[in-house]
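After this come two complexes, each holding subunit A, first together with subunit B and then together with subunit C.
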Partner chain A sequence: MNLVEIENLVKRYPMGKSQFTALKNINLQFEKGEYSGIIGPSGSGKTTLLNIIGSLDIPSEGSATVLGKKIEKLSHREAARLRSRHMGFIFQTYNLLPVYTVFENVEFPLLIMKMPEKERKKKVMDALEWLGMTDKVDSRPAQLSGGESQRVAVARAIVKQPELVLADEPTANLDAENSYNILERMVKLNKELKTTFIFATHDEKVIRYLERKIYLVDGQVARDEIIH
Partner chain B sequence: MIRFLIKGLMRDRSRSLFPVLMVSAGAFLTVFLYSFMKGTMDDLISSNAKFDTGHVKIMTRAYEEMADQTPNDLALLGVNSLVERLRSSERNMVWTPRVRFGGLLDIPDEQGETRAQGPVMGLGVDLLSPESPERDILNLESAVVRGRMPQSGNEILISEEFAKKLGVEIGEAATLIGSTMNGAMAMYNFKVSGTVRFGITVMDRGAVIADVKDVQSALDMEDGASEIVGYSENMRYDDGTMLTLTQRFNDKFSRVDDEFSPLMLSLSQHSGMGEYLDLVDVFGGIIVLIFVVVMSIVLWNSGLINGLRRYGEIGVRLAMGEPKGSLYRWMIYESIIIGFIGSILGTVFGLAISYYLQYTGIDFGAIMQKSTMLLSNVIRARVTGWSYVIGFVPGLVASVVGTMFAGIGIYRRQTSQLFKELEV
Partner chain C sequence: MLALKLAYRNLKGAGLRTWLNVAVLSLAYVLIIWHQGIFTGMLKHGSRAVIEDEIAGGQYWHKNYDPFDPLSYDESHGPIPAELSSLIEDKKATPILIRQAAIYPEGRVQTVLLKGIEPGQKILGIPSASLGKEEDALPVLIGRRMARSTSLDIGDYLTIRWRDVQGTFDAVEGKIVEIMNTEVVVIDKGQLWVPLAELQKMTGMKDEATIIVVSQNVQGQKDVSDWKFKDQKFLLTDINQMVRSKRISASILYVVLLFLAMLAIFDTQVLSIFKRRKEIGTLIALGMTRRQVISLFTLEGAMHGILAIGIGAIYGIPWITFYSKIGMKVPQATEEYGFALAERLFPSYSVALVLGTVLIVMATVTIVSYLPTRKISKMKPTEALKGKIS
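After this line comes the complex of A and B, so read on.
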């Protein structure tokens, strides 16, 4: 069964008195365990597509089914529940909560899920171990380097072991070495935990790691390559 | 979640320290202003009760109608028996007759010619009976500036400022020139035993305190008095109790068709005093309301700024799947904690200043030179039970209301823009 199914998806935004079409007739399926990326230049619609898959936005036409839920039919509360239970997000600028420690930042999604403390602690330490950050549990984000911050952000995204991780330009603020580190760890997570990763990127460093490359041009799928 | 919330508050001063200081300031001002206004109003009532209205006052119906002219020709008669009757029937009250009078006080020289003269407002009170409550009610002994309290008949106290104006020394003679109860001219010689300062401008300007028996004698008012005043034993005015007493007395003694029949009025039934009492009651409410509104606007604004500052945090939490309602409640809980702590701090500081001013007061004598109100020159705060809790109303309510307004922004946040917003 497909994890994500997108059928005839159109997304329009009002622009003055007219409308701007960001996505045109998109048809895509993502299977469990895929390590794929939506690739395209700025304004090609890749973040808009990621938004819809992440239940942060709804299609203007067509349908997007994620983990069996039709995104366009979800209420705000149901969409929030879907995100909190089954999805992890990784942002370009890390977006760690500055007043909380590394441990607490990673713990936060589990708190939203109301997970018991004992289980929470174990999962947080597991996630930090995966990302090699156990020596920084008590550090605050301001004390971390860019690469370390992004590793914490990845730990926060995978701590609840979601079926789907959505990452928008995750290496844009990192140098080559840190990008390599992060990407290697995400590949490892994908292989060992079978977590599905969907990237939105135009960074060659990321693109090299992708097993499936979906090229978007002007809101349309121009090419869909699967690398074996 | 609460542990997380408290950690966030403790670690981020801009979401805890500054809002707490703001709430504290509001709570402090509310507590202090309430206590100070309460003290002022209570002092006004207390001064009026002591020197004028009593907690209850009995006059003839005719006297009451023209009381501002002190018409002693309409005074009460048979006062001794009425006072005795009241003392036996209303045992929880203290009763005492008084004679009010006006006139000229003439200070003679060695030849008996007028050396100085001035208009006086006189009060004949029971100064000499051992059981008299007046010394305590009027706080006479501590009001004496020079000389001593009258110890025998024909001795009087005059206000210090008036004495200085007339150039009167202790022990000198003073002649009261006035009119008797029957309208004839009255001249009566007294000896000045002391001078007093009440700290109430209207009394200090030109008052004479004499024993009621001397005044009765001087004004031909044997067994007569302008009024009989009554005070509750604990000297605390309770309007409900006094109104009941008034009703009971008037039902028994007062007759509408007899202008010389006695009429009892409670303090609140005197002109203007009821309004003052109501004012005291509503004043706290007005202060609190003003502070709730002002503080809500300030904290609303502060909440909006805080919301902008925490835009990223709110965004990432929404993206992670935290429901908007949960985030909104989080903000409200934060505001309750901040409001509570701020209210405690503000109340403690407000009470400290109020207690200090309850004992020391602020002397407004210099700006009350022409005052005609029976109001003490030294105005003191008064700490009541309400002073302990009133700061929590603006402190907590304004914090929560301000945050509720500011937090509406969370519901307006479009999740579809989160990726773009969080990448900035």
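After this line comes the complex of A and C, so read on.
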């Protein structure tokens, strides 16, 4: 069974009096454990597609089914539940909560899931250990470098061991060394935990790691390559 | 529980901004409670003084007596009925005869009320015992305000002119035997207290009275023929209404304080939502519902109020306790306030006052915290993640 199924998806945005079509007739399927990326230049619609898969937005036409749930039919509460239980997000600008410590940031998704404290602590420390951040548990985001911040963001995304991690330009603000570190860890997670990763990127450093490359041009799938 | 934990973390993380708001709110709590305590103390003290010196457990009024109509005084007297005579004999009531008269202090004429009271009575706090002394003129007791306005002092003589039961003018010389220090203006200003038996003799109204004051220990009194019983509640109506009206005018300060505190919270909330758009988007992306995010922000605002209770208690309780112990000096001008005021006013605080104020401020803070957060429900998470408000 596919983890994500997208059928005849169209996304339009109002632009003044007219409408701008960001995604045109997209048909895609993602299987469990895929390490894939949506590749394209700025404005090609990759973030829009990622947002729809992540139930942060809904299609104007067509359908997007994620983990058996039709995104367009979900209520706010159901969409929030889907995100909190089954998805992890990684953003270009890390989006760490500024007043929380590293530990608290990583702990946050587990708090939403109402996980017991003991289990929560163990999972947070495990995730931070995976990302090599155990020495920074009490630091605040402002005290971290870009690479460290993104590692915390990855830890936050994987701490609940979700089926699906959506990463929007995760290395755009990182130098080559930090990008390499992050990507290596994500590949390891994908292999060991069978977590499905979908990236939205135009960064060559990321593209090199992808097992499946979906090229998006002007809101349409131009090419879908699977690398063996 | 989650929202509480997160709200606490956010408030702690916000640092100085939180503490400034908390300081303003705690000041509002303390000042409102302090100010309301002054009025409660004023009412309590005023009521107590009036009960002790003027109304005791209630009064029987002659059917024609109307304290607000001086023209009624001539006709408002009558023989004390047998049912009340027994109370008087048992020292559970004391009769007072009220007549109009004129005095001539410093060559001027002044209309006064001549009030006859038994020198041996203990029902009212009036020092009437001094009227029982043998004097070379009619013994007269006056209050300090009356003494000041007429320039009379102990030992001074004055001419008193009155009309007897037949309407005939007569005059006698009176001697000031004591100046009482009462806080109740209505038994002081424009009043001369004389021995009841003397006044009854002077006016030809033997065994008559205008009002009969009943002891506080006597309960369940009913009307007796021409005498209508007025209970404490009725007799305190004026003072209660006066304090209520003064409380309303003082509530302007209440509203201003509350408004300032609310403005601080509202401003913080609006700014917070504007500054934390990206955070709101992140919270939603991480799995919080819009309602949870709204609850979180509302709770953050409301927690300012909770923290302010703690901070307010730290400095407010000692401050309020100090004032309720030493009292506040009342300016002399407040003698014109309309009711009994002591030289020092002791604020009075009740659990209901404190809880009521806390509840009102908390409810207002919560509402004000909630109003700006409604914007969150209209935010698109995808826009919020980019730091935009859609």
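Everything below uses one rule, namely that the second predicted complex is superposed on the first by the 228 of 228 C-alpha atoms of A that agree within 3 Å, B and C clash if a C-alpha of one lies under 4 Å from a C-alpha of the other, contacts with A are read in each partner's own complex, and residues count from 1 in each chain.
In this section, contacts are C-beta pairs under 8 Å (C-beta built on N, C-alpha and C of every residue); 3 or more make two chains touch, one makes a residue touch a chain.
All of these numbers come straight from a predicted model, not from anything done at the bench.
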item	value
Partners on subunit A (subunit B, subunit C) - clash or fit	clash
Touching partner for A:N51 - first (subunit B), second (subunit C), both, neither	both
Which of subunit B and subunit C A:E169 touches, first, second, both or neither	first
Contacts of A:F89 with subunit B and subunit C, given as first, second, both or neither	both
First (subunit B), second (subunit C), both or neither touched by A:F108	both
On subunit A, the residue positions that both subunit B and subunit C contact, one per complex	51, 54, 56-57, 76-77, 80-81, 83-85, 87, 89, 91, 93, 95, 97-100, 104, 108-109, 111-112, 156
Of all residues in subunit B, those that touch subunit A in their complex	1, 4, 7-8, 11-12, 312-313, 315-326, 415-416, 418-420, 422-424
Of all residues in subunit C, those that touch subunit A in their complex	2, 5-6, 9-10, 12-14, 278-279, 281-292, 380-382, 385
Subunit A residues within the subunit B interface of the complex	47, 50-51, 54, 56-58, 76-77, 79-85, 87, 89, 91-93, 95, 97-100, 104, 108-109, 111-112, 156, 168-169
Touch list for subunit A against partner subunit C, complex	48, 51, 54, 56-57, 76-77, 80-81, 83-85, 87, 89, 91, 93, 95, 97-100, 104, 108-109, 111-114, 156
